[in-house]
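For clarity, chains are labelled A, B, C and D in written order, and residue numbers in each chain start from 1.
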Amino acid sequence: MELIRDETGAQRLIGYVLDVGQGDGCARCRLDTDERHLNRQGILHGGIAATLLDNAMGATGSLSVDPSGRHPFTTLALTVNYLSPGRLGRIEATGRITGGGRTTLFIEGELRHEDGALIATATGVFRKSRQEP
Amino acid sequence: MELIRDETGAQRLIGYVLDVGQGDGCARCRLDTDERHLNRQGILHGGIAATLLDNAMGATGSLSVDPSGRHPFTTLALTVNYLSPGRLGRIEATGRITGGGRTTLFIEGELRHEDGALIATATGVFRKSRQEP
Amino acid sequence: MELIRDETGAQRLIGYVLDVGQGDGCARCRLDTDERHLNRQGILHGGIAATLLDNAMGATGSLSVDPSGRHPFTTLALTVNYLSPGRLGRIEATGRITGGGRTTLFIEGELRHEDGALIATATGVFRKSRQEP
Amino acid sequence: MELIRDETGAQRLIGYVLDVGQGDGCARCRLDTDERHLNRQGILHGGIAATLLDNAMGATGSLSVDPSGRHPFTTLALTVNYLSPGRLGRIEATGRITGGGRTTLFIEGELRHEDGALIATATGVFRKSRQEP
């Protein structure tokens, strides 16, 4: 299982793990949430949810290039729907490619609590960067 | 000028300041970015951008209730368009109400670098929480 | 099979059929496309795609109220991703509820050509109207 | 004033006029709504609103290529927020470029009733087609 930890500043700051080794072309971002990830209503901050989704979806794009999951993709547009409050515990965002071509990919994502609750869904447009990883 | 600092876990973690005191009904989130806010391409992480936008937009909803800017709003849907790479420096997200009624508000946001560059725009649907702040 | 035809002005104008009788809680909009539904590139107009998706998704909301599929729902926000060009032939949009509560529903949609090609996906936020159908 | 009428099947079907001659880089789509454009609640169908917005926004992209407003652009993603019910009368969708580069443009749109009411706003990602118009 290929886990990427502490690779970028944002990843170290927020503390999630990126899993690009499940072999199904879908990257995951996992986070054990604590008080640092909550908003003023005491539930998961929508921005943290968006961060995990964006990262899992972009890395899913990377997996379409090579299994390292590291080729950089740029997010052009991201839409997040917030379905239910994210409570404390382990949460996981998963990406899945729905379409696209050589450089532009359409990728969807979902963010679930370990108890199975669907916290948020997302769709986005991502572009493969020319820049090497 | 009413600045809200360190109010929530997510705010302390990421380090932005929420400004609800400009008197124009528009809340701002300001962040002095450093290495902790960057992605693997060395530019502002899309999730951090979404966090600032979501927070400024939600607090703009709060300002429609009372000038404390603290009444909780729930994000139903958020769409972010990433227009240009966010470079290191001070960045500011600003919300603006475009429509809605008593409980559901449509709010747009923009995220700019202090040099004026437009990094991202956003639109979202927010709902006033019944819960007291 | 419960098919709704020619019910509204827009439906008569564009010519699609609304199917609320599949028994799986998912409404469909079907259209046999012809030259009237194309844009200047000779492919399905993005607005026609959005019309079918919006209508199938809203009617899917209606099916959560009663099996008539007619209780009015208002679209608050709709995001459409255009995955591939829509060619002439029969196309079908299908809605599916992903979450929500008593009055606000999150509904996704997909639009496929009869040959199986995925033309567009959509997500949206819908609100149950108090108004009787 | 450069008005494009009856150019495509969808335009003839729905009956809007495309105005690419205002000289400000912003294309408009105008429609005099009647019963054919309404949904089952007797207000403007969300799909017709999306059609006008998509078309005005795409043509605004075209105006960035040359003043004919005819160079084809493909919609990658479109998000529409429905702010208020569209009533009968003349409505106009206007596009405005917010960012982008040589081939991908970020374009926003707004749809207003002639009485000034803001019916819907939109944001989208558009790509310049290689195909000649």
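Going forward, a contact is a pair of C-beta atoms (placed from the backbone, for glycine too) under 8 Å apart; a residue touches a chain by one contact, two chains touch by 3 or more.
Values in this document were obtained by computation on a predicted structure and should not be read as measured data.
Looking at B-D and A-D, which pair shares more C-beta contacts?
B-D
Among the chains here, which has the CA centroid at the largest distance from chain C's centroid?
B
Using CA atom averages as chain centres, what separation in Å is found between chain A and chain D?
Centres of chain A and chain D (C-alpha means) sit 33 Å apart.
Between chain C and chain D, tell me the centre distance in angstrom, where each centre is the average of that chain's C-alpha atoms.
Chain centroid spacing, chain C to chain D, equals 20 Å.
I'd like to verify one number: the distance from the centre of chain B to the centre of chain D, where each centre is the average of its C-alpha atoms, in whole angstrom.
The mean C-alpha positions of chain B and chain D differ by 28 Å.
Quick one: which residues in chain B touch 2 or more of the other chains?
Only 76-77, 79, 81, 123, 125 qualify.
Linking chains that touch, what shape results: line, ring, star, complete or other?
It is complete, because no pair of chains fails to touch.
Would you mind writing out the residues of chain B in touch with chain C in their complex?
Its residues touching chain C are 76-77, 79, 104, 123, 125, 127.
For chain B, which residues are in contact with chain D within the complex?
Per the stated touch rule, the residues are 79, 81, 83-84, 98-100, 106, 108, 118, 121, 123, 125.
Residue numbers of chain A touching chain B in their complex, please.
For this pair, the touching residues of chain A are 7-10, 12-14, 34-41, 45-48, 50-55, 58, 70, 72, 74-82, 129, 131, 133.
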